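Presented sequentially are two complexes of chain A, the first with chain B as partner and the second with chain C.
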Partner chain A sequence: MKTREKLDAATQNPCKLCAPLGASIVFRGIRGALPFLHGSQGCSTYIRRYLINHFREPVDIASSNFSEETTIFGGKQNLLDGLKNICRQYQPEIIGVASTCLSETIGDDVPMILREFFLKSTSEILPKIVSVSTPSYSGTHMDGFHNAVLSVVSAIAARGNKLRQIGIFPGLVSSADIRYLKEVMGDFGLDHVILPDYSETLDGGPWTEYQKIQQGGTSVGQIASLGHSSGIIEFGDSLKMKETAGTFLEKHFSVPRFASGLPIGIKLTDLFFKLLEKMSGREIPSKYRLARSRLVDSYVDGHKHLFEKKAVVYGDEDIVIAVASFLFEIGVVPVLCATGARTGTIKRVLPEIASAYDKKITVCEGIDFEQIYEKTENLDADFMIGNSKGYYIARKRGIPLIRIGFPIHDRIGAQRILHLGYRGTQQLFDRIVNTVIEKRQEASSVGYSYI
Partner chain B sequence: MENIKKEVLPDGEMVMEDILAKYPPKVAKKRSKSIVPNDSSREQSIQSNVRTVPGIITQRGCCYAGCKGVVLGPTRDIINLTHGPIGCGFFSWLTRRNQTRPGPEGDNYMPYCFSTDMQDDNIVFGGEKKLKEAIQEAYDIFHPKAIGIFATCPVGLIGDDIHAVAREMKEKLGINIFGFSCEGYKGVSQSAGHHIANNQIFKHVVGLDDKRKKGKFLINLLGEYNIGGDAFLIEDLFERCGLTLISTFSGNSSIEQFANCHTADLNLVMCHRSINYVADMLEKKFGIPWMKINFIGANASAVSLRQIGKYFNDKELSRRIEKVIAEEMPAVEEARKEVMPHTKGKLAMIFVGGSRAHHYQGLFAEIGMSTIAAGYEFAHKDDYEGRKVLPDLKVDADSRNIEELVVEKDPERYKPRKSQEELNKLKKAGVRMKEYDGMMPDMVKNSFVIDDISQHETEMLIAKYKPAVFCAGIKEKYTVQKRGVPMKQLHSYDYGGPFAVFKGAVNFYREMDRTINSKVWGLIKPPWDSSPEITATFGSE
Partner chain C sequence: MNKIAILEERKKQIYYKGEESFDMRCERGSLAGSVSQRACVFCGSRVVLYPIADALHLVHGPIGCAAYTWDIRGALSSGPELHRLSFSTDLQEKNIIFGGEKKLYKALCELIDKHQPRAAFVYATCIVGIIGDDMDSVCRRVSEEKRIPVLSVHSEGFKGTKKDGYRAACDALARLVGTGPRTNNIGQCSINILGDFNIAGETWMIKEYYRRMGVEVISTITGDGRIADIQRAHNAKLNVVQCSGSMMPLAKTMKERYGIPFIRVSYFGIEDTAEALYEVARFFKNKKILRQTDELVKSEVRRIIPDLDQYKRKLKEKKAAIYVGGAFKAFSLIKALDYLEMKTVVVGSQTGNKDDYKRLKEMCPNGTIIVDDANPLELSRFILEKDADIFIGGVKERYLAYKLGIGYCDHNHQRKLALAGFDGMLNFAREVYSSVMSPVWQFCPRRKKV
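Moving on to the complex of A and B:
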């Protein structure tokens, strides 16, 4: 059997998803919004199924249901019909239209069709419509995600009297992470707008009555107000080289932008809290001081179990970088850091964080899971950390998998996994230590229960 | 069905008016043809297999999903290579719960997702070169017996000729390689993909291996996809009865079985929708008759087994079949008695697939539950109204685009298994060959039959009827459960099952009891919420 290192025509078990999926998540985090995919109905069905399985919540995504005829003559009529029907049935405040590889390949001009929709429409109350270009042959689901945030902001953000308010673009994090960010901002006394905010729409309770569009999310008004906010925080190292919602607001609205990696681990979380101190003019609340100090204390307690342990980290670039940085802190060597994206971010950023370790680390970009599997052969890793899709590797290699990020389909509560801040780091840390202990305990011939 | 009281069901026409009121007039007109308040005492017609209206949020998937995911997905020893951008391959990667038993030495590529992962430059300059390289790569790594190539939306547009590539690589590598033009925009639903998949299997695989297997009663099982291990239970029954299974299309299946399937003497059709054309083609080309069977529900399973016994007209076989049924029934009866007090008289709704929405009605009836609304996601008119409508079906533009194979008698291998005289005799004895009456005749008056149900219609039905359980797929699951109505997935079985034949029926009875009567439904309303109407939506009350 040949190894796949030198081969790369076929992707075998991909470590990335497609762009319209990322855009759909963003649209689900806007109040009264309905995502709409301009393409075959399969795209919306597949993506719905995937998101529903991860969040275990309803996710409605409309489609323009291309037929063979539409494909030949263009998707304009289907898009117009689809929007009309959606408006009538769902009365959305906003519709987010994302393109697909089909509509992009035939060259449909979505913004032009949308202009026609508004010109032709006789209805008095029309929703806002925002479009984003997301062909799945370019980039990954993360590009779809960030581009959708940019499209929404550039379409809606408006000028106005300066507000003492911070905008946050957290990237693809869990519903629990968004709730945590709100709590932190509240505790600092900072007014804030988080985009997207699917803390309720993708993690809500039972309904007393039917909700056509789940409650919650960032409102159109809040998005408009981003243009006159006092500052923007944007998480994600992968955003450094491209135009983002944050750089757009900086450039066109002169809103100061603060970019940082995802606040996972003490180092990155400290940076985030420092920034909040500066922005709010307040000292860090004692609640967080105590949380940090408990976290440090637990690092000390757990260190004997973790030092020199080896981990395989994989998934979206931003989470891989932040988690790798956290692992350095706790004495674990992330021997393999892998992503399906090809932007060069991890290779660029990781050496800055990990100069002392870099000889022991392999960074792989544009990789698939089968290559990750091959690379783990002689690594002797102690555990893997990433989404559900790497489970089969953990299983074959006989090592545990700690599930974080997206997608997680083989456990309940993916939307409630907290990754960010001192609290999220604490939870991750405890899970990691206990996983390592459990593995040792199970391998023990005695079965000690006093560890 | 007798458990249902008339007053439970409001007048169907009125409910329908309410449902349609939300739609723009044109849409309402179109949807009204796909919603039928059932009345089996008169001739009724339903519109099905028509395009979903854009903007109506549908359950349906696409042609690619039906072709790659449903039909070839459960076949373990063929490498399924998706030619396209990454999404389609990723989403169809081990997401259906088809199980397989390759044995210690057998190939199993089902856990893998192969894709050409097309990038911008492949869209601009064509992807054939990358496709060839990917085939070569898959071959170098695994040396499979066969490789299937699946076209996604952009492939048809940029004009990659996957079939030419398949021919070239087949010649070069000396293994069976063939393509499926199953671009997502083709047809109206995944049903088009089933058809394309079956056509290609018929053209490129069926008949390649003439060796007749040992055994007296050789059969194929068509349209059984082994979700949750259903096929394993069916296989076990066949073995105990003395029936030799040559191939299953396609669950626990292999390319080798397909190649040999024309040696069987009877085809059993489980899912009429996805496979009836294969049954027809096998009859025309090789002379193998087919019968519709149903292995969902203990009663239906017993009836099906006895029909098979009658077909082969062999005393020993019939004796063994009766023995197996007698062995299985006590456990079924015991479980039935146990759950009946908790389930009797309750209402179910089923909106799935092309056959399950019909098959599961019998299973529910066994525990005293009535199905008051049902419909398919991707079925055609004959699945609702029976094969009697086939001669009158109009071929629309969408169906015309799907290749219809012209099959003739095989000059050497055509051998009618039964003479016309024998077939007539069977008919007199109550053996129904090549017949299917569809779902509608089996449903009670004023129950609802709805094709390609939308999210809005689902919600209306739940509000109007407050069923004890709603069966559909993952996309509907949480919307239904948010309303306090128990929901059972009948695509993936909620990662449970098997539910086929006798042991599966026992599993299903108990699971329904637990699902409907779970204490969790009683916790949904918080003590501080005084809104009275929500109690009415609890399925268990």
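Moving on to the complex of A and C:
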């Protein structure tokens, strides 16, 4: 098999997913919400399967189930029937309708059909319905994710008496990350609303009876209150120059917005905690001061194992940027940083950070895994860090893979991996150092028992 | 209890055996708004052709359909592994507006140059059906230029159910069969294995049985499949079809075109595996083969029985719920469970037809719930109502069972454990045993002894 040819028109082993998947995750993080994909049955089934394998929880996503007639005559009737059936079976408080490439291409006007649904409906109790346009032929699952957050906020946020409350849009983080953010906000004494919040819905305990819609999630009332919050924190460098839920609230509700990268590593986490100090008027609680201090101590303990080690970082833009910044600060060089998205973000942000550390790195966007594989050929990387889809590259290259982010389909506990804050960084740091140590120990003919 | 209501429209697809007259309404599109466990036409085609390991499988459409089917099956190959890669034209908005033919042409040429496959399958996704790309003509052109078969698979997601996807896949296979040479050195006792996908090496196990019986296997379609073998499959004297839901259209076409008869078999469970092998042996009316088959079955059964009986003692009277893609698999599972003296309390399929459901009804004890195209709400209601100990299904049902404190056995294409043949029966029993008997259930609230 030849591997040198560069693929131009074809994608081999994609490093991105389609937009409706991102929207589905957001809707699973809203209390009483059911995601509904307006398209073929396959879209919903494939996305369910993909999410179930990551979160290891049931994930119900409804479909309008297009047939050939639907496609010719339009999806209106299927959408109306589907919504009716969903209301009867699931009694959702809110339905999140995401479009697909099919319904977008045939030109279904979902907002108009939804208006008709409300006009025609005779039922007294109707759920809220929010729709988001997520054609799979534009952008990635992350666009679907952020657009769904924006759609939900723009549909529900309301004016009201100013609350001393902070809204957080964390982006696609783990269930454990969301729980951590809640803990931090609580410790700062800050009332908060996190959207989406799948910390319980996609990481919960066993049941005595089937939960049609898993308990937990951000309530409609909380989302409404975002419009009169005292501030918004939005994570993600990829959101610059885009309309987001945060910019929407800033523009239409004059809620101050604070944008930041994902708080991974000491520098980015310091920024986040400084912001919280400012917002709460309190000093950082000693619990976090101590955690930071222990983290610095471990950086020092492990620094020799890591210095000028080479890493390959890949995945969604925001996590790639945050993890690469973190690697720089512990002495690892992220020699290859890659994402399947193509927004210019990582090309804008990462070379700047690299030059601050006086290091040369390769930054690639719009890439697939096969290109990542080819680029690792003469890289002599020490480890890879990213989602589980890069496993085959790590295996072929004989280097370890440290699994983070989304998706992780070959390990248990993906939803419990903590990435954020001093605690998440500590866990990542320990995993990274130990991976490097283990590799060295395994490769050694001596079998040292002290390292 | 938060009782889950069954939608009026769904009531004719659910039956309690012995309690009412039986007339299953099936083979219909899923109800809009239902969270069906089914997939789409594309999925049907993709799973059937997936194991062909020396072919390029290019998905023509936006990225999702290819991304979600990357390395999705546990189908093994003894050689090339092209099938484990995911190829897509990753159509963008401008392709939707101006058409995707050029991109498809270029992508095909690039990939064929890079991977040198023996053939290429090009799968249509929903959107291709709308923007009107002439996939057939692109495939023809590339086939002429690259001198390999390039087959379009008309699997637009919305054009029917998963079953229609099987048909589209069989149609593509039928265009391949017979394009290889007619050979004279093929024996009288030769077969094609149809409808086994070599999950965890099952095709190899079955092939080995046939070798021991003295039967020659010409091609395996599609488990551990190779283009050249499929092309010469018309030389075989008999098609042995498993998973009849997906491969029957091909078997029928081959009967019409080449006069090759077919038999339907299943390799799940002792009874069905033995019967499959005997049936093939009887077909050839060859004394030596019959004798060798008899020896094989007897020695295999003798070998596994002691272990199997150990599990049986533990599993006796445990209650099982089955929800699978094709009804044929359900028949075998019921028999396998019967052997273990377990009770089938719920059984359903995504794609069964009227005859299938009639047969299921005959096989099940009174009170068993029989269901077509179920959804998570219904399944959870049924397993609780019947107090099942184990759920046998696909990955979408796994956590539904776990959440409710019920064991689970994966019987779908994602599994990594061979469940076919005699060893497969032993694996199956061990798998059921290791879930049902695990001590972890004691902590689940539904299972807690009060």
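In the analysis below, the second predicted complex is superposed on the first by the 441 of 451 C-alpha atoms of A that agree within 3 Å, B and C clash if a C-alpha of one lies under 4 Å from a C-alpha of the other, contacts with A are read in each partner's own complex, and residues count from 1 in each chain.
To be clear about the criterion, contacts are C-beta pairs under 8 Å (C-beta built on N, C-alpha and C of every residue); 3 or more make two chains touch, one makes a residue touch a chain.
This is a predicted model, so every value here is computed, not measured.
> Is this a clash or a fit when chain B and chain C both end up on chain A?
Aligned through their shared chain, the two binders clash on chain A.
> Based on the superposed arrangement, let me know which partner A:56 touches: chain B (first), chain C (second), both, or neither?
So A:56 meets both chain B and chain C here.
> Is A:136 touching anything from chain B or chain C once the two structures are fitted on A? First, second, both or neither.
both
> Which of the two partners, first being chain B and second being chain C, lies in contact with A:293: first, second, both, or neither?
After superposition on chain A, A:293 lies in contact with neither partner.
> Given the touch rule stated above, what does A:41 touch, chain B (first), chain C (second), both, or neither?
After superposition on chain A, A:41 lies in contact with both partners, chain B and chain C.
> Which chain A residues contact chain B in one complex and chain C in the other?
Shared contact residues on chain A (touching chain B in one complex, chain C in the other): 1-2, 7, 9-14, 16-18, 20-21, 36, 39-50, 52-53, 56-58, 60-68, 70-71, 78-79, 81-86, 88-89, 100-102, 105-106, 135-138, 140, 206-211, 370.
> Could you please specify the touching residues of chain C with respect to chain A in the complex?
Going through chain C, the ones touching chain A are 1-2, 4-5, 7, 9, 29-43, 58, 61-70, 85-93, 95-96, 103-104, 106-108, 110-111, 113-116, 125-127, 129-131, 157-161, 375-377, 380-381, 384, 395-396, 398-400, 402-405, 443-446.
> Which chain A residues qualify as touching chain B in the complex?
By the definition above, chain A touches chain B via 1-2, 4, 7, 9-14, 16-21, 36, 39-50, 52-53, 56-58, 60-71, 78-79, 81-86, 88-89, 100-102, 105-106, 135-138, 140, 204, 206-211, 370, 392.
> Applying the document's contact rule, which stretches of chain A touch chain C when the two form their complex?
1-3, 5, 7-14, 16-18, 20-21, 36, 39-50, 52-53, 56-58, 60-68, 70-71, 78-79, 81-86, 88-90, 100-102, 105-106, 135-138, 140, 206-212, 370, 389
> Quick one: in the complex, what on chain B touches chain A?
22-24, 27, 51-65, 81, 84-93, 95, 111-120, 122-123, 130, 133-134, 136-138, 140-142, 152-154, 156-158, 184-186, 188, 397-398, 401, 455-456, 459, 463, 473-475, 477-479, 481-484, 524, 529, 531, 533-534
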